[in-house]
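Some notes on the structure that comes next.
Think of it as A, B and C in the order they're written, each chain with its own count starting at 1.
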(Lines give C-alpha, C1' and ligand atoms only; values in the text may rest on other atoms or scores of the structure.)
Protein backbone atom coordinates (compact mmCIF):
# COMPACT_ATOMS: atom_id res chain seq x y z
CA UNK A 1 0.00 0.00 0.00
CA UNK A 2 2.84 2.38 0.79
CA UNK A 3 4.36 1.45 -2.56
CA UNK A 4 1.23 2.64 -4.33
CA UNK A 5 1.28 5.95 -2.41
CA UNK A 6 4.91 6.37 -3.32
CA UNK A 7 4.17 5.86 -7.00
CA UNK A 8 1.31 8.35 -6.84
CA UNK A 9 3.48 10.94 -5.07
CA UNK A 10 6.16 10.54 -7.71
CA UNK A 11 3.60 10.96 -10.47
CA UNK A 12 2.14 14.04 -8.80
CA UNK A 13 5.59 15.51 -8.25
CA UNK A 14 6.62 14.93 -11.86
CA UNK A 15 3.43 16.53 -13.15
CA UNK A 16 3.67 19.62 -10.93
CA UNK A 17 7.38 19.90 -11.64
CA UNK A 18 6.76 19.85 -15.39
CA UNK A 19 4.00 22.45 -15.12
CA UNK A 20 6.08 24.76 -12.95
CA UNK A 21 9.12 24.50 -15.20
CA UNK A 22 6.98 25.20 -18.24
CA UNK A 23 5.10 28.10 -16.71
CA UNK A 24 7.61 29.73 -14.36
CA UNK A 25 10.99 28.36 -15.47
CA UNK A 26 11.80 27.24 -11.96
CA UNK A 27 12.23 23.91 -10.23
CA UNK A 28 11.16 23.60 -6.61
CA UNK A 29 10.70 21.11 -3.76
CA UNK A 30 7.30 19.39 -3.58
CA UNK A 31 5.92 21.59 -0.78
CA UNK A 32 6.49 24.69 -2.90
CA UNK A 33 4.83 23.04 -5.89
CA UNK A 34 1.78 21.99 -3.89
CA UNK A 35 0.98 25.08 -1.87
CA UNK A 36 0.46 28.71 -2.79
CA UNK A 37 2.68 31.39 -1.21
CA UNK A 38 0.02 34.09 -1.36
CA UNK A 39 -2.66 31.86 0.16
CA UNK A 40 -0.41 31.07 3.11
CA UNK A 41 0.32 34.75 3.69
CA UNK A 42 -3.40 35.60 3.57
CA UNK A 43 -4.23 32.80 5.97
CA UNK A 44 -1.70 34.28 8.42
CA UNK A 45 -3.31 37.72 8.13
CA UNK A 46 -0.35 39.26 6.29
CA UNK A 47 -0.95 42.37 4.15
CA UNK A 48 -2.29 42.31 0.63
CA UNK A 49 0.12 40.94 -1.94
CA UNK A 50 2.48 39.50 0.66
CA UNK A 51 3.81 35.99 0.06
CA UNK A 52 5.68 33.40 2.09
CA UNK A 53 7.35 30.21 0.91
CA UNK A 54 6.19 26.86 2.27
CA UNK A 55 9.72 26.15 3.58
CA UNK A 56 9.44 28.93 6.15
CA UNK A 57 8.70 28.49 9.86
CA UNK A 58 6.51 31.01 11.65
CA UNK A 59 6.22 31.09 15.45
CA UNK A 60 3.91 33.15 17.63
CA UNK A 61 2.54 36.51 16.59
CA UNK A 62 4.01 37.81 13.38
CA UNK A 63 2.60 40.86 11.62
CA UNK A 64 3.63 41.46 8.00
CA UNK A 65 2.75 44.38 5.72
CA UNK A 66 1.55 44.41 2.13
CA UNK A 67 3.69 43.21 -0.77
CA UNK A 68 6.41 41.84 1.47
CA UNK A 69 8.22 38.83 0.02
CA UNK A 70 9.38 36.09 2.39
CA UNK A 71 11.72 33.50 0.95
CA UNK A 72 12.44 29.82 1.59
CA UNK A 73 14.55 28.47 4.50
CA UNK A 74 13.42 31.43 6.62
CA UNK A 75 12.41 31.51 10.27
CA UNK A 76 10.14 34.21 11.66
CA UNK A 77 9.97 33.99 15.42
CA UNK A 78 7.17 36.10 16.83
CA UNK A 79 7.16 34.56 20.30
CA UNK A 80 8.51 37.86 21.64
CA UNK A 81 6.51 39.96 19.14
CA UNK A 82 7.55 40.55 15.53
CA UNK A 83 6.35 43.23 13.14
CA UNK A 84 7.60 43.49 9.55
CA UNK A 85 6.54 46.39 7.35
CA UNK A 86 5.35 46.57 3.78
CA UNK A 87 7.34 45.97 0.60
CA UNK A 88 10.25 44.20 2.31
CA UNK A 89 12.48 41.49 0.89
CA UNK A 90 13.03 38.88 3.57
CA UNK A 91 15.56 36.92 1.53
CA UNK A 92 16.08 33.18 1.54
CA UNK A 93 17.62 31.85 4.72
CA UNK A 94 16.85 34.91 6.88
CA UNK A 95 16.18 34.16 10.55
CA UNK A 96 14.48 36.75 12.74
CA UNK A 97 14.49 35.86 16.43
CA UNK A 98 12.50 37.37 19.30
CA UNK A 99 13.71 34.86 21.85
CA UNK A 100 16.90 33.04 22.61
CA UNK A 101 17.89 29.93 24.54
CA UNK A 102 21.48 30.94 25.36
CA UNK A 103 21.05 30.98 29.13
CA UNK A 104 18.66 28.04 29.09
CA UNK A 105 21.31 25.92 27.39
CA UNK A 106 24.40 26.88 29.37
CA UNK A 107 22.55 26.61 32.70
CA UNK A 108 21.51 23.07 31.90
CA UNK A 109 17.88 24.08 31.60
CA UNK A 110 17.64 26.10 34.83
CA UNK A 111 17.43 29.58 33.30
CA UNK A 112 14.33 30.48 31.25
CA UNK A 113 14.16 31.48 27.61
CA UNK A 114 14.53 35.24 27.06
CA UNK A 115 12.28 37.31 24.81
CA UNK A 116 12.31 40.79 23.24
CA UNK A 117 10.38 42.19 20.27
CA UNK A 118 11.74 42.98 16.80
CA UNK A 119 10.50 45.56 14.33
CA UNK A 120 11.54 45.62 10.68
CA UNK A 121 10.35 48.85 9.03
CA UNK A 122 8.79 49.37 5.62
CA UNK A 123 10.73 48.85 2.40
CA UNK A 124 13.67 47.00 3.97
CA UNK A 125 15.92 44.51 2.27
CA UNK A 126 17.33 41.76 4.49
CA UNK A 127 19.98 39.94 2.48
CA UNK A 128 20.21 36.18 2.19
CA UNK A 129 20.99 34.29 5.42
CA UNK A 130 21.07 37.43 7.53
CA UNK A 131 20.07 36.93 11.16
CA UNK A 132 18.24 39.43 13.38
CA UNK A 133 18.57 38.94 17.13
CA UNK A 134 15.86 39.66 19.67
CA UNK A 135 15.22 43.27 20.69
CA UNK A 136 16.29 44.96 17.45
CA UNK A 137 14.53 47.67 15.45
CA UNK A 138 15.47 48.20 11.80
CA UNK A 139 14.36 51.53 10.34
CA UNK A 140 12.38 52.01 7.12
CA UNK A 141 14.16 51.81 3.74
CA UNK A 142 17.19 49.99 5.15
CA UNK A 143 19.49 47.46 3.56
CA UNK A 144 21.08 44.63 5.56
CA UNK A 145 23.84 42.77 3.72
CA UNK A 146 23.73 39.06 3.06
CA UNK A 147 25.01 36.92 5.92
CA UNK A 148 24.90 39.73 8.49
CA UNK A 149 24.14 39.29 12.18
CA UNK A 150 22.03 42.21 13.42
CA UNK A 151 22.15 42.67 17.19
CA UNK A 152 21.66 46.46 17.43
CA UNK A 153 19.13 48.91 16.08
CA UNK A 154 19.74 50.20 12.56
CA UNK A 155 18.54 53.65 11.50
CA UNK A 156 16.20 54.37 8.57
CA UNK A 157 17.81 54.64 5.13
CA UNK A 158 20.93 52.84 6.37
CA UNK A 159 23.08 50.30 4.56
CA UNK A 160 24.59 47.87 7.07
CA UNK A 161 26.76 44.80 6.81
CA UNK A 162 28.74 42.37 8.91
CA UNK A 163 28.61 40.25 12.02
CA UNK A 164 27.89 42.19 14.15
CA UNK A 165 26.04 44.29 11.58
CA UNK A 166 26.85 48.01 11.57
CA UNK A 167 25.94 50.90 9.23
CA UNK A 168 28.45 51.49 6.44
CA UNK A 169 26.40 53.73 4.16
CA UNK A 170 23.02 55.15 3.38
CA UNK A 171 20.21 54.92 0.88
CA UNK A 172 19.27 57.83 -1.40
CA UNK A 173 16.00 57.64 -3.26
CA UNK A 174 15.11 60.08 -6.03
CA UNK A 175 11.46 61.04 -6.56
CA UNK A 176 11.33 58.78 -9.63
CA UNK A 177 12.33 55.79 -7.51
CA UNK A 178 15.94 55.81 -8.68
CA UNK A 179 18.08 54.44 -5.83
CA UNK A 180 21.73 54.99 -4.88
CA UNK A 181 23.52 53.20 -2.06
CA UNK A 182 26.23 55.60 -0.90
CA UNK A 183 29.05 54.20 1.20
CA UNK A 184 30.21 56.44 4.07
CA UNK A 185 33.65 58.04 3.85
CA UNK A 186 34.03 57.53 0.14
CA UNK A 187 32.50 58.40 -3.17
CA UNK A 188 31.92 54.78 -3.95
CA UNK A 189 28.45 53.56 -4.58
CA UNK A 190 27.11 50.08 -4.82
CA UNK A 191 28.33 49.89 -8.40
CA UNK A 192 31.97 49.90 -7.27
CA UNK A 193 31.22 47.75 -4.33
CA UNK A 194 29.45 45.07 -6.30
CA UNK A 195 26.94 45.08 -3.56
CA UNK B 1 -5.56 10.32 -10.07
CA UNK B 2 -2.73 12.70 -9.16
CA UNK B 3 -5.31 15.48 -8.97
CA UNK B 4 -7.18 13.57 -6.30
CA UNK B 5 -3.98 13.01 -4.30
CA UNK B 6 -3.20 16.69 -4.59
CA UNK B 7 -6.62 17.63 -3.24
CA UNK B 8 -6.22 15.21 -0.36
CA UNK B 9 -2.75 16.53 0.49
CA UNK B 10 -4.10 20.07 0.51
CA UNK B 11 -6.96 19.05 2.78
CA UNK B 12 -4.61 17.24 5.12
CA UNK B 13 -2.20 20.19 5.16
CA UNK B 14 -4.98 22.65 5.91
CA UNK B 15 -6.32 20.53 8.75
CA UNK B 16 -2.91 19.97 10.39
CA UNK B 17 -2.04 23.62 9.88
CA UNK B 18 -5.21 24.74 11.59
CA UNK B 19 -4.66 22.36 14.50
CA UNK B 20 -1.04 23.42 14.98
CA UNK B 21 -1.89 27.12 14.85
CA UNK B 22 -4.68 26.62 17.34
CA UNK B 23 -2.67 24.48 19.72
CA UNK B 24 0.89 25.80 19.40
CA UNK B 25 0.51 29.18 17.72
CA UNK B 26 2.98 28.26 15.03
CA UNK B 27 2.81 27.62 11.32
CA UNK B 28 5.13 25.04 9.82
CA UNK B 29 5.95 23.16 6.61
CA UNK B 30 4.03 19.92 6.03
CA UNK B 31 6.85 17.62 7.11
CA UNK B 32 6.97 19.29 10.51
CA UNK B 33 3.19 19.02 10.86
CA UNK B 34 3.15 15.34 9.96
CA UNK B 35 6.04 13.95 11.97
CA UNK B 36 6.98 14.16 15.63
CA UNK B 37 10.35 15.65 16.63
CA UNK B 38 10.69 13.54 19.75
CA UNK B 39 9.79 10.30 17.96
CA UNK B 40 12.50 10.94 15.38
CA UNK B 41 15.09 11.60 18.10
CA UNK B 42 14.12 8.41 19.95
CA UNK B 43 14.29 6.38 16.75
CA UNK B 44 17.86 7.66 16.26
CA UNK B 45 18.80 6.61 19.78
CA UNK B 46 19.20 10.18 21.05
CA UNK B 47 18.88 10.84 24.79
CA UNK B 48 15.59 11.21 26.63
CA UNK B 49 13.71 14.39 25.86
CA UNK B 50 15.87 15.24 22.85
CA UNK B 51 14.09 16.42 19.71
CA UNK B 52 15.02 17.00 16.09
CA UNK B 53 13.06 18.76 13.37
CA UNK B 54 12.03 16.87 10.25
CA UNK B 55 13.94 19.38 8.09
CA UNK B 56 17.27 18.20 9.46
CA UNK B 57 19.71 15.86 7.71
CA UNK B 58 21.63 13.29 9.74
CA UNK B 59 24.56 11.36 8.27
CA UNK B 60 26.51 8.48 9.77
CA UNK B 61 26.93 7.95 13.47
CA UNK B 62 25.58 10.79 15.56
CA UNK B 63 25.23 10.54 19.32
CA UNK B 64 23.05 13.12 21.07
CA UNK B 65 22.43 13.58 24.80
CA UNK B 66 19.21 14.11 26.70
CA UNK B 67 17.05 17.21 26.29
CA UNK B 68 19.07 18.56 23.38
CA UNK B 69 17.04 20.59 20.90
CA UNK B 70 17.93 20.35 17.22
CA UNK B 71 16.29 22.89 14.93
CA UNK B 72 15.17 22.98 11.30
CA UNK B 73 17.53 23.45 8.32
CA UNK B 74 20.31 21.73 10.27
CA UNK B 75 22.87 19.22 9.07
CA UNK B 76 24.53 16.77 11.44
CA UNK B 77 27.34 14.92 9.70
CA UNK B 78 28.52 11.96 11.70
CA UNK B 79 30.47 10.29 8.89
CA UNK B 80 33.68 11.13 10.78
CA UNK B 81 32.08 10.61 14.22
CA UNK B 82 29.89 13.20 15.98
CA UNK B 83 28.96 13.40 19.63
CA UNK B 84 26.69 16.13 21.02
CA UNK B 85 26.07 16.39 24.75
CA UNK B 86 22.92 16.93 26.76
CA UNK B 87 20.80 20.08 27.03
CA UNK B 88 22.27 21.77 23.97
CA UNK B 89 20.56 24.20 21.61
CA UNK B 90 21.54 23.30 18.06
CA UNK B 91 19.83 26.32 16.52
CA UNK B 92 18.12 26.50 13.17
CA UNK B 93 20.51 26.37 10.24
CA UNK B 94 23.48 24.94 12.16
CA UNK B 95 25.76 22.65 10.15
CA UNK B 96 28.19 20.34 11.93
CA UNK B 97 30.66 18.65 9.59
CA UNK B 98 32.98 15.72 10.21
CA UNK B 99 34.15 15.47 6.64
CA UNK B 100 34.93 17.85 3.84
CA UNK B 101 35.22 17.65 0.07
CA UNK B 102 37.64 20.55 -0.43
CA UNK B 103 40.48 18.50 -1.86
CA UNK B 104 38.11 16.17 -3.70
CA UNK B 105 36.63 19.14 -5.54
CA UNK B 106 39.78 21.08 -6.45
CA UNK B 107 41.62 17.93 -7.55
CA UNK B 108 38.83 17.08 -9.96
CA UNK B 109 37.83 14.05 -7.93
CA UNK B 110 41.31 12.54 -7.52
CA UNK B 111 41.80 13.29 -3.82
CA UNK B 112 39.57 11.50 -1.31
CA UNK B 113 37.13 13.05 1.17
CA UNK B 114 38.73 13.92 4.50
CA UNK B 115 37.22 13.06 7.89
CA UNK B 116 37.76 14.03 11.53
CA UNK B 117 35.45 13.74 14.54
CA UNK B 118 33.60 16.56 16.32
CA UNK B 119 32.54 16.74 19.95
CA UNK B 120 30.04 19.30 21.26
CA UNK B 121 29.95 19.22 25.05
CA UNK B 122 26.99 19.38 27.41
CA UNK B 123 24.88 22.51 27.78
CA UNK B 124 26.19 24.31 24.69
CA UNK B 125 24.38 26.89 22.62
CA UNK B 126 25.23 26.95 18.93
CA UNK B 127 23.65 30.09 17.47
CA UNK B 128 21.60 30.13 14.30
CA UNK B 129 23.47 29.23 11.09
CA UNK B 130 26.75 28.62 12.84
CA UNK B 131 29.01 26.06 11.16
CA UNK B 132 31.37 23.64 12.87
CA UNK B 133 34.20 22.21 10.76
CA UNK B 134 35.62 18.73 11.08
CA UNK B 135 38.02 17.96 13.91
CA UNK B 136 36.70 20.48 16.45
CA UNK B 137 35.89 20.01 20.14
CA UNK B 138 33.60 22.51 21.87
CA UNK B 139 33.77 22.43 25.67
CA UNK B 140 30.78 22.13 28.02
CA UNK B 141 28.63 25.19 28.77
CA UNK B 142 29.87 27.13 25.75
CA UNK B 143 28.15 29.71 23.59
CA UNK B 144 28.84 30.03 19.86
CA UNK B 145 27.43 33.17 18.28
CA UNK B 146 24.99 33.09 15.39
CA UNK B 147 26.61 32.81 11.98
CA UNK B 148 30.01 31.77 13.33
CA UNK B 149 32.44 29.41 11.60
CA UNK B 150 34.14 27.19 14.17
CA UNK B 151 37.39 25.67 12.92
CA UNK B 152 39.33 25.40 16.21
CA UNK B 153 38.62 23.93 19.62
CA UNK B 154 36.71 26.13 22.04
CA UNK B 155 37.22 25.79 25.81
CA UNK B 156 34.45 25.05 28.33
CA UNK B 157 32.44 28.05 29.57
CA UNK B 158 33.58 30.16 26.61
CA UNK B 159 31.64 32.69 24.58
CA UNK B 160 32.91 32.74 21.02
CA UNK B 161 31.90 34.55 17.86
CA UNK B 162 33.03 35.21 14.33
CA UNK B 163 34.36 33.56 11.22
CA UNK B 164 36.77 32.10 12.18
CA UNK B 165 35.15 31.75 15.61
CA UNK B 166 37.32 32.75 18.56
CA UNK B 167 36.63 33.20 22.30
CA UNK B 168 35.61 36.74 23.30
CA UNK B 169 34.23 36.10 26.77
CA UNK B 170 33.14 33.52 29.26
CA UNK B 171 30.07 32.11 30.94
CA UNK B 172 29.42 32.50 34.67
CA UNK B 173 26.72 30.39 36.23
CA UNK B 174 25.47 31.02 39.76
CA UNK B 175 24.25 28.07 41.85
CA UNK B 176 20.65 29.15 41.27
CA UNK B 177 21.14 28.90 37.49
CA UNK B 178 21.50 32.64 36.99
CA UNK B 179 23.81 33.17 34.00
CA UNK B 180 26.10 36.04 33.03
CA UNK B 181 28.04 36.25 29.79
CA UNK B 182 31.13 38.33 30.60
CA UNK B 183 33.05 39.80 27.69
CA UNK B 184 36.85 39.72 28.05
CA UNK B 185 38.69 43.02 28.56
CA UNK B 186 35.66 44.98 29.63
CA UNK B 187 32.94 45.14 32.23
CA UNK B 188 30.31 44.71 29.61
CA UNK B 189 27.97 41.80 29.80
CA UNK B 190 25.59 40.43 27.27
CA UNK B 191 23.08 43.11 28.27
CA UNK B 192 25.26 45.84 26.76
CA UNK B 193 26.24 43.73 23.89
CA UNK B 194 22.73 42.81 22.93
CA UNK B 195 24.02 39.34 22.48
CA UNK C 1 -10.18 10.68 4.69
CA UNK C 2 -7.27 12.96 5.51
CA UNK C 3 -6.62 10.80 8.55
CA UNK C 4 -6.13 7.79 6.33
CA UNK C 5 -3.73 9.71 4.07
CA UNK C 6 -1.81 10.79 7.13
CA UNK C 7 -1.48 7.22 8.34
CA UNK C 8 -0.30 6.09 4.92
CA UNK C 9 2.27 8.91 4.70
CA UNK C 10 3.60 7.97 8.12
CA UNK C 11 3.87 4.33 7.09
CA UNK C 12 5.63 5.26 3.86
CA UNK C 13 7.99 7.60 5.70
CA UNK C 14 8.87 4.97 8.28
CA UNK C 15 9.54 2.37 5.62
CA UNK C 16 11.74 4.63 3.48
CA UNK C 17 13.50 5.92 6.57
CA UNK C 18 14.32 2.39 7.71
CA UNK C 19 15.59 1.41 4.27
CA UNK C 20 17.76 4.52 3.95
CA UNK C 21 19.23 4.09 7.42
CA UNK C 22 19.98 0.45 6.70
CA UNK C 23 21.45 1.05 3.29
CA UNK C 24 23.13 4.46 3.55
CA UNK C 25 23.40 5.10 7.29
CA UNK C 26 21.68 8.45 6.93
CA UNK C 27 18.36 9.90 8.02
CA UNK C 28 16.69 12.44 5.77
CA UNK C 29 13.50 14.46 5.30
CA UNK C 30 10.72 12.76 3.32
CA UNK C 31 11.40 14.64 0.07
CA UNK C 32 14.96 13.35 0.03
CA UNK C 33 13.77 9.79 0.72
CA UNK C 34 11.18 9.89 -2.06
CA UNK C 35 13.08 11.47 -4.91
CA UNK C 36 16.39 10.68 -6.56
CA UNK C 37 19.11 13.36 -6.68
CA UNK C 38 20.62 12.11 -9.91
CA UNK C 39 17.25 11.87 -11.66
CA UNK C 40 16.50 15.49 -10.80
CA UNK C 41 19.88 16.62 -12.13
CA UNK C 42 19.38 14.71 -15.36
CA UNK C 43 15.89 16.13 -15.80
CA UNK C 44 17.41 19.62 -15.52
CA UNK C 45 19.98 18.81 -18.18
CA UNK C 46 22.94 18.87 -15.78
CA UNK C 47 26.10 16.97 -16.71
CA UNK C 48 26.59 13.25 -16.24
CA UNK C 49 26.93 12.15 -12.65
CA UNK C 50 25.73 15.48 -11.24
CA UNK C 51 23.24 15.37 -8.38
CA UNK C 52 21.01 17.87 -6.62
CA UNK C 53 19.07 17.46 -3.38
CA UNK C 54 15.30 17.79 -3.38
CA UNK C 55 15.55 20.65 -0.86
CA UNK C 56 17.19 22.93 -3.39
CA UNK C 57 15.48 25.69 -5.37
CA UNK C 58 16.45 26.31 -8.98
CA UNK C 59 15.34 29.43 -10.86
CA UNK C 60 15.74 30.29 -14.52
CA UNK C 61 18.54 28.97 -16.65
CA UNK C 62 21.15 27.05 -14.73
CA UNK C 63 23.87 25.06 -16.44
CA UNK C 64 25.79 22.52 -14.34
CA UNK C 65 28.74 20.34 -15.37
CA UNK C 66 29.37 16.66 -14.80
CA UNK C 67 29.89 15.14 -11.35
CA UNK C 68 28.98 18.34 -9.53
CA UNK C 69 27.33 17.79 -6.15
CA UNK C 70 24.61 20.21 -5.04
CA UNK C 71 23.53 19.97 -1.43
CA UNK C 72 20.32 20.59 0.51
CA UNK C 73 19.05 24.05 1.52
CA UNK C 74 20.67 25.54 -1.57
CA UNK C 75 19.35 28.16 -3.97
CA UNK C 76 20.56 28.41 -7.55
CA UNK C 77 19.24 31.54 -9.19
CA UNK C 78 19.73 31.50 -12.93
CA UNK C 79 17.36 34.35 -13.71
CA UNK C 80 20.40 36.42 -14.70
CA UNK C 81 22.28 33.43 -16.15
CA UNK C 82 24.21 30.90 -14.06
CA UNK C 83 26.87 28.46 -15.18
CA UNK C 84 28.55 26.02 -12.78
CA UNK C 85 31.41 23.82 -13.96
CA UNK C 86 32.17 20.15 -13.46
CA UNK C 87 33.22 18.38 -10.27
CA UNK C 88 32.19 21.18 -7.93
CA UNK C 89 30.95 20.89 -4.35
CA UNK C 90 28.05 23.27 -3.90
CA UNK C 91 27.76 22.66 -0.18
CA UNK C 92 24.61 22.65 1.90
CA UNK C 93 23.07 26.08 2.35
CA UNK C 94 24.90 27.76 -0.53
CA UNK C 95 22.96 30.52 -2.32
CA UNK C 96 24.05 31.72 -5.73
CA UNK C 97 22.22 34.83 -6.90
CA UNK C 98 22.04 36.41 -10.34
CA UNK C 99 19.49 39.03 -9.37
CA UNK C 100 18.78 41.16 -6.34
CA UNK C 101 15.81 43.09 -5.01
CA UNK C 102 17.73 45.68 -2.99
CA UNK C 103 16.56 48.71 -4.96
CA UNK C 104 13.11 47.24 -5.50
CA UNK C 105 12.64 46.97 -1.73
CA UNK C 106 14.00 50.31 -0.59
CA UNK C 107 12.18 52.21 -3.34
CA UNK C 108 8.88 50.73 -2.26
CA UNK C 109 8.59 48.71 -5.43
CA UNK C 110 9.39 51.51 -7.89
CA UNK C 111 12.85 50.35 -8.96
CA UNK C 112 13.14 47.10 -10.93
CA UNK C 113 15.02 43.96 -9.95
CA UNK C 114 18.64 43.94 -11.10
CA UNK C 115 20.34 41.03 -12.84
CA UNK C 116 23.88 39.96 -13.70
CA UNK C 117 25.31 36.53 -14.58
CA UNK C 118 27.49 34.31 -12.39
CA UNK C 119 30.06 31.75 -13.46
CA UNK C 120 31.52 29.14 -11.12
CA UNK C 121 34.44 27.36 -12.77
CA UNK C 122 35.33 23.69 -12.79
CA UNK C 123 36.48 21.87 -9.65
CA UNK C 124 35.40 24.56 -7.18
CA UNK C 125 34.45 24.05 -3.58
CA UNK C 126 31.87 26.47 -2.19
CA UNK C 127 31.75 25.95 1.57
CA UNK C 128 28.55 25.53 3.54
CA UNK C 129 26.22 28.55 3.59
CA UNK C 130 28.44 30.66 1.39
CA UNK C 131 26.62 33.23 -0.73
CA UNK C 132 27.57 34.39 -4.21
CA UNK C 133 26.17 37.74 -5.34
CA UNK C 134 25.16 38.61 -8.88
CA UNK C 135 27.85 39.43 -11.42
CA UNK C 136 30.66 37.32 -9.96
CA UNK C 137 33.04 34.92 -11.71
CA UNK C 138 34.87 32.29 -9.65
CA UNK C 139 37.88 30.73 -11.37
CA UNK C 140 38.52 27.00 -11.78
CA UNK C 141 39.94 24.97 -8.85
CA UNK C 142 38.97 27.58 -6.25
CA UNK C 143 37.96 27.19 -2.64
CA UNK C 144 35.43 29.50 -0.98
CA UNK C 145 35.27 29.20 2.81
CA UNK C 146 32.11 28.30 4.66
CA UNK C 147 29.83 31.23 5.41
CA UNK C 148 31.57 33.59 2.96
CA UNK C 149 29.86 36.34 0.98
CA UNK C 150 31.37 36.55 -2.49
CA UNK C 151 30.75 39.90 -4.21
CA UNK C 152 33.89 40.15 -6.39
CA UNK C 153 35.57 37.89 -8.90
CA UNK C 154 37.94 35.26 -7.50
CA UNK C 155 40.91 34.01 -9.53
CA UNK C 156 41.56 30.37 -10.45
CA UNK C 157 43.35 28.25 -7.83
CA UNK C 158 42.48 30.75 -5.09
CA UNK C 159 41.46 30.10 -1.49
CA UNK C 160 39.13 32.83 -0.30
CA UNK C 161 37.21 33.47 2.90
CA UNK C 162 35.15 36.08 4.64
CA UNK C 163 32.33 38.55 4.15
CA UNK C 164 33.21 40.16 1.82
CA UNK C 165 35.16 37.17 0.52
CA UNK C 166 38.77 37.87 -0.50
CA UNK C 167 41.69 35.61 -1.51
CA UNK C 168 43.91 34.51 1.40
CA UNK C 169 45.82 31.70 -0.24
CA UNK C 170 46.12 29.42 -3.20
CA UNK C 171 45.65 25.83 -4.25
CA UNK C 172 48.55 23.63 -5.32
CA UNK C 173 47.77 20.34 -7.01
CA UNK C 174 50.42 17.70 -7.63
CA UNK C 175 50.14 15.45 -10.69
CA UNK C 176 48.97 12.58 -8.49
CA UNK C 177 46.04 14.67 -7.24
CA UNK C 178 47.67 15.50 -3.94
CA UNK C 179 46.40 18.95 -2.85
CA UNK C 180 47.90 21.66 -0.65
CA UNK C 181 46.12 24.85 0.37
CA UNK C 182 48.89 27.40 0.94
CA UNK C 183 48.03 30.54 2.89
CA UNK C 184 49.59 33.75 1.58
CA UNK C 185 52.32 35.45 3.66
CA UNK C 186 53.04 32.43 5.78
CA UNK C 187 54.23 28.87 5.59
CA UNK C 188 51.02 27.64 7.10
CA UNK C 189 48.90 25.23 5.17
CA UNK C 190 45.40 24.10 5.75
CA UNK C 191 46.65 21.64 8.36
CA UNK C 192 47.59 24.49 10.73
CA UNK C 193 44.56 26.47 9.86
CA UNK C 194 42.14 23.68 10.49
CA UNK C 195 40.52 24.72 7.30
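In the analysis below, contacts are C-beta pairs under 8 Å (C-beta built on N, C-alpha and C of every residue); 3 or more make two chains touch, one makes a residue touch a chain.
Since we're looking at a predicted model, the values are computed, not measured.
Colleague: What rotation angle takes the CA atoms of chain A onto those of chain B? Round to the nearest 5 degrees.
Modeller: Result for this pair is 120 degrees.
Colleague: Copies chain A and chain C touch; is their interface built from the same residue numbers (over half shared) or different ones?
Modeller: Different; most numbers are used by only one of chain A and chain C.
Colleague: In angstrom, rounded to a whole number, how far apart do the mean CA points of chain A and chain C lie?
Modeller: About 20 Å, centre to centre.
Colleague: Please set out, as single numbers or ranges, the residues of chain B touching at least two other chains.
Modeller: Touching at least two other chains: 9, 31, 55, 73, 93, 129, 147-148, 163.
Colleague: List the residues on chain A that touch chain B in their complex, please.
Modeller: Going by the criterion above, the answer is residues 8-9, 11-12, 15-16, 31, 34-35, 40, 43-44, 54-61, 73, 75, 93, 95, 97, 101-111, 129, 131, 133, 135-136, 147-149, 151-152, 163.
Colleague: Flag every residue of chain C that touches chain B in the complex, lowest number first.
Modeller: 1-2, 5-6, 9-10, 13, 17, 25-32, 55, 67, 69, 72-73, 86-89, 91-93, 122-125, 127-129, 141-143, 145-148, 157, 161-163, 171, 173, 176-179, 181, 190, 193-195
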